[in-house]
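Have a look at the structure below before the remarks.
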Amino acid sequence: MRSPNLRPRLRVLAVSAACAVAATTLAACGSDGPGGSSDRLEVWVYQDGSTTIQEDFVERFNETSDIQVNLTQIPGENYQDRMRTAMGSPNAPDIFFNWGGGSIADFVEEDMLIDLTDTLADDPEFGDAFIPSILDAGAIDGRHYGVPMRGVQPVILFYNQTLFDEAGVEPPASLDDLFSLVDTFVERDITPAVLAGADPWTELMWLEYLLDRQGGAEIFDRIRNGDSSAWGEPAVLAAAQNAVDLVEAGAFGNNFRSVSYTTDGASTFFAQGEAAMHLMGSWEFANQLSNQPEFAESDLAWATFPAIEGGTGDPAALVGNPTNYWSVNANVEGEKLDAAVEFLKLHASEDYASALIANGDIPTTANAESLLDEAPTPEYARFQYEMVRNAPSFTLSWDQALPADQSTPMIDNIEKLFSGQLSAEQFVEAMLNL
Amino acid sequence: MSTETDLRPELARDTPPAPPVRGRRPFRLPKANYPAGIGAFVWLVIVIVPLYILVASTLQSRQEYLDNGPLSLPDSISFDSYRQVLEGDFPRYLLNTLIVTASCTALVLTLAVTVSYSIVRTRSRLSQRAFQLFLLGLAIPSQAVIIPIYLIITELSLYDTLLAIILPTAAFSLPVSVLILVGTMRDISEELYESMALDGARSVRVLFQLVIPMSRAGISTAGVFSALSAWNGFLFPLILTQSRETRVLTLGLYDFVGEFRVDIPALLAAVVLSIVPIFTAYLFARRQLINGLMGVGGK
Amino acid sequence: MKRETIRSPRAGRPGIAWALPAVLFFFLFAAAPMGIVGYLSFTDWDGLSDPSWTGLDNWSRLWNDDGMRNAIWLSLLLTALSWLTQTPVVLLLGVWAAGRQRNRAVLSAIFFLPLLASSVALALLWRTIFDPNLGLAADIADWFDLDNADLLGSSTGAFAAILFVSGWQFAPFHMLIYQGGARQIPQSLYDAASIDGAGTVRQFFHVTLPQLRNTIVTSTVLMVVGALTYFDVVLILTRGGPGDATAIVPYLMYETGFRAFDLGYASAVAAALVIVATGTSLLLVRLTGFNRMRSTREGM
């Protein structure tokens, strides 16, 4: 505004030009939205370390197919929320990544997904390719709405072999062992178990295992099937109390509530030798291998979650995500649906299984065992595979198993339990009142 | 038209922290104001340290940052983080933000200028009602209506398009812009309109030859205000868009957290790059930018 | 509008049609949604199926909801504490910046920087700084030998962090307002005070402060509305946590609506937010006569 001598006529020009630009951009972006075109399949995937496999196979698919797949990658902790928001709009994706169970239950109820049960049954090469229990884990009322597309993801107790050796201790076989390990490492000024409390689903993993060992998988099965009175079982209270006791014993150090997993805060801390254990999904191994290869190769070790004395749960039982699934939007029809099914079938192929293996994952296809030796760390691959094969039950992560309107307050309550805002009794009460 | 002479007081009046109004001497404290001076120094530290961390972190490698912590000076300056960000999707997000900002501003200015012109000049009670509508609109927080806007946008099939961001963002910039422009246009003297009328000018000509040139201070304030709200908007993009093609800078930054994870230098480099365009604008058009920001606060 | 009633030349008056596009546009994307929020607050809606009418269910739930009470309490607390902590700082700095000290321009320009960044960018920066293991928080805990650096992990710490970051972000804006206000104070008042023998401190309390009355009101209203609608930073920095320690009303609305997808109930929360926000600002406007000033921008 230094010169008040601006030429009015120029301004008029500028304003009209701006209007013209506005008009054209508005017109242009109206027709440019994804989902607007009908000859493409919009595929949404959660973006993480394994997404390169999806990119690769989408490219392969597009080479031979008339109908092209357009892959959208969505990173971050709120993939689930954003996918759900999109599903409520007419611009929903055609095929999308999900966790089965509660993560798609609402869509199934509204008939928004294609029932793939018959498609899987009609083509044995497709349907029989997957381990049945994994395929079933994503089913709703016995119908299949999802095709497995990632490796199995049990939650594993990772530990730092070097730190354990230095302290002269073994991985815990029982909860008592775990508590004495906590004391040992606290004395040595090492965080016994890193916990990324800023992402409350990591706290959930502890509670899932504690409940599973205390009372078995049946309790959460009841909750999942709509019987919320199961939150009142004594085993839930016992598990919540175990969690509180662990927090108070200093198992997670002093800082865990603001450590985040999605930004790798916890994994980095663990890899720097500051923490002795890390309870995390099996993907943690691949994650460490790519970010801190030295640590992954020399120090990183793994074990199953300890048993609890007096608990009725089977110590071989697992929690976690059996796998991730592709589901198909019910809007997809005709040629596009054929292409979508072709795309899904690609994920039953041996090529795809090999790609997963090479990435450090254990495929969910029946032929996985024969491929284990090709894994970057065959030892870890075999451990995982045996673990899954021998597990009497594989409980889907609670936040994925329950519908959104229950899992959100549940996660809030778990966060409060771990941060001391709720006692074990208050937690049980809060869950019963959901 | 002798616009030059009439414009000066006009400018000064509408630019809050502008050079002092003619006739008044700048406010001057008789003595050095020590308490405030010390306060200013403390505040300087509070402002500078985070900004130092912001810039210094981006010049290190990821490993250096993990080893040395946020306060360390980089051993050797590396622009790898910036390269990494620029080679990624950042340029696309920037382009989207530019499109959104330009369209929003153009839309807001077009609508606000015409409606303000009508509010000031139309002799009808309806135009006063319109003004009251916008005054009431000032009080609507955008968070409160995000659910119906989601509903409207999906009904219009605009979900996950840039228009889904542009339209509501523009709507929420309108009240402040109208307020600013009505204030400015009311100060155009009746004599000027009359002389236009003697020439037989119709309302369109009056608008382009008198009203717009005389309101350019207000127009630039309103323009900068709507540009800034569009540039920095987060809630509308968060709820109303998803895919990479429509991701704007703010949402892109939010997603970088999931993408870069513990690569803090890269994450912060993206933060720095997102500030650079506004900072450049600040260097060249400080006054207008400040006025626009005052408008943002007025929201 | 007074002037126009005097004489009116024939030509040059726009018809009411000029107002239509803007009014319609604003109505569709801002005014109508307010009505829709009201409607949705009486329904149960999950975003997928059609909303179903449930009468006053959401509202009676809202009335008895501990989470909502907590959110309102936190929002009001944030508003009050923001005002109490920011006002003295920005008042002092704004008045200082209005003076003619050396370095003033440079410092003011630096103070201004946080205002240039988006809330998202700032929240990410602060999130990095507050990281208890890798951020500045870890270093500070080391220096002072604190047993933890878990600022965002404790209820009060996280709330204080939100309070601080919001202050850090918006202080320059309010400084500008006070700077502008202080510059409008006629020098003669100070000269007169000097003659009466008033020192710097007395001048501040007897001249500056009373003269800035309107400016204080302006800044207060803007601060209150800003604090009641604070959202971006909460989402990125604390996600309302730990637990619900920072789940202020706008965040609760977001979480209920777009995480739990209980959009009917979230609409009730949103409607409550509008009532609280407009109620508070109307109250302030009434109490202070702000509406009369607004039209002339006096005091800004």
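Going by the order they are written in, the chains are A, B and C; count residues from 1 in each one.
Just so we're on the same page, a contact is a pair of C-beta atoms (placed from the backbone, for glycine too) under 8 Å apart; a residue touches a chain by one contact, two chains touch by 3 or more.
By chain, with names taken from UniProt: B = Carbohydrate ABC transporter permease; C = Sugar ABC transporter permease.
None of these values were measured; they are calculated from a predicted model.
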If you connect every pair of chains that touch, what shape comes out? Choose line, ring, star, complete or other. complete
Counting C-beta pairs in contact, which comes out ahead: B-C or A-B? B-C
Where subunit A and subunit C are represented by their mean Cα positions, the distance between them in whole Å: 36
Measuring centre to centre with CA averages, how many angstrom lie between subunit A and subunit B? 38
Could you please state the distance in Å, as a whole number, between where the Cα atoms of subunit B are centred and where those of subunit C are centred? 16
Expected list for subunit B, residues touching two or more other chains, is 66, 239, 254, 256-257, 262
Quick check on subunit C: which residues sit in contact with 2+ other chains? 134, 258
For subunit A, what residues touch not just one other chain but two or more? 85, 88, 265, 268
In the complex, subunit C residues that touch subunit A: 46-49, 130-134, 147-155, 158, 239, 241-245, 255-256, 258-262
Subunit A - residues contacting subunit B, complex: 1, 4-6, 8, 11-12, 15, 18-19, 21-22, 25-26, 29-30, 32-36, 42, 44, 47-48, 72-77, 82-83, 85-86, 88-91, 262-265, 267-268, 272, 291
Show me the residue ranges of subunit B that touch subunit A in the complex, using the header's touch definition. 1, 3-4, 7-8, 11, 15, 66, 99, 102-103, 105-107, 109-110, 113, 150, 153-154, 157-163, 166, 208-209, 212-213, 216-217, 219-220, 239, 242-246, 254-259, 261-262, 287-288
Could you list, by residue number, the parts of subunit C that touch subunit B in their complex? 1, 3-4, 6-16, 18-19, 21-23, 25-34, 36-37, 40, 89, 92-93, 95-101, 107, 110-121, 124-129, 134-136, 138-139, 168, 170-171, 173-174, 176-177, 179-180, 182-187, 190, 194, 200-201, 203, 222, 225-226, 228-229, 231-232, 236, 250, 253-254, 257-258, 263, 266-267, 270-271, 273-274, 277-278, 281-282, 294-295, 297, 300
Subunit A - residues contacting subunit C, complex: 78, 81, 84-85, 87-88, 106-107, 110, 112, 197-198, 200, 253-260, 265, 268-269, 274, 404-405, 407-409, 412, 415-416, 419, 421-422
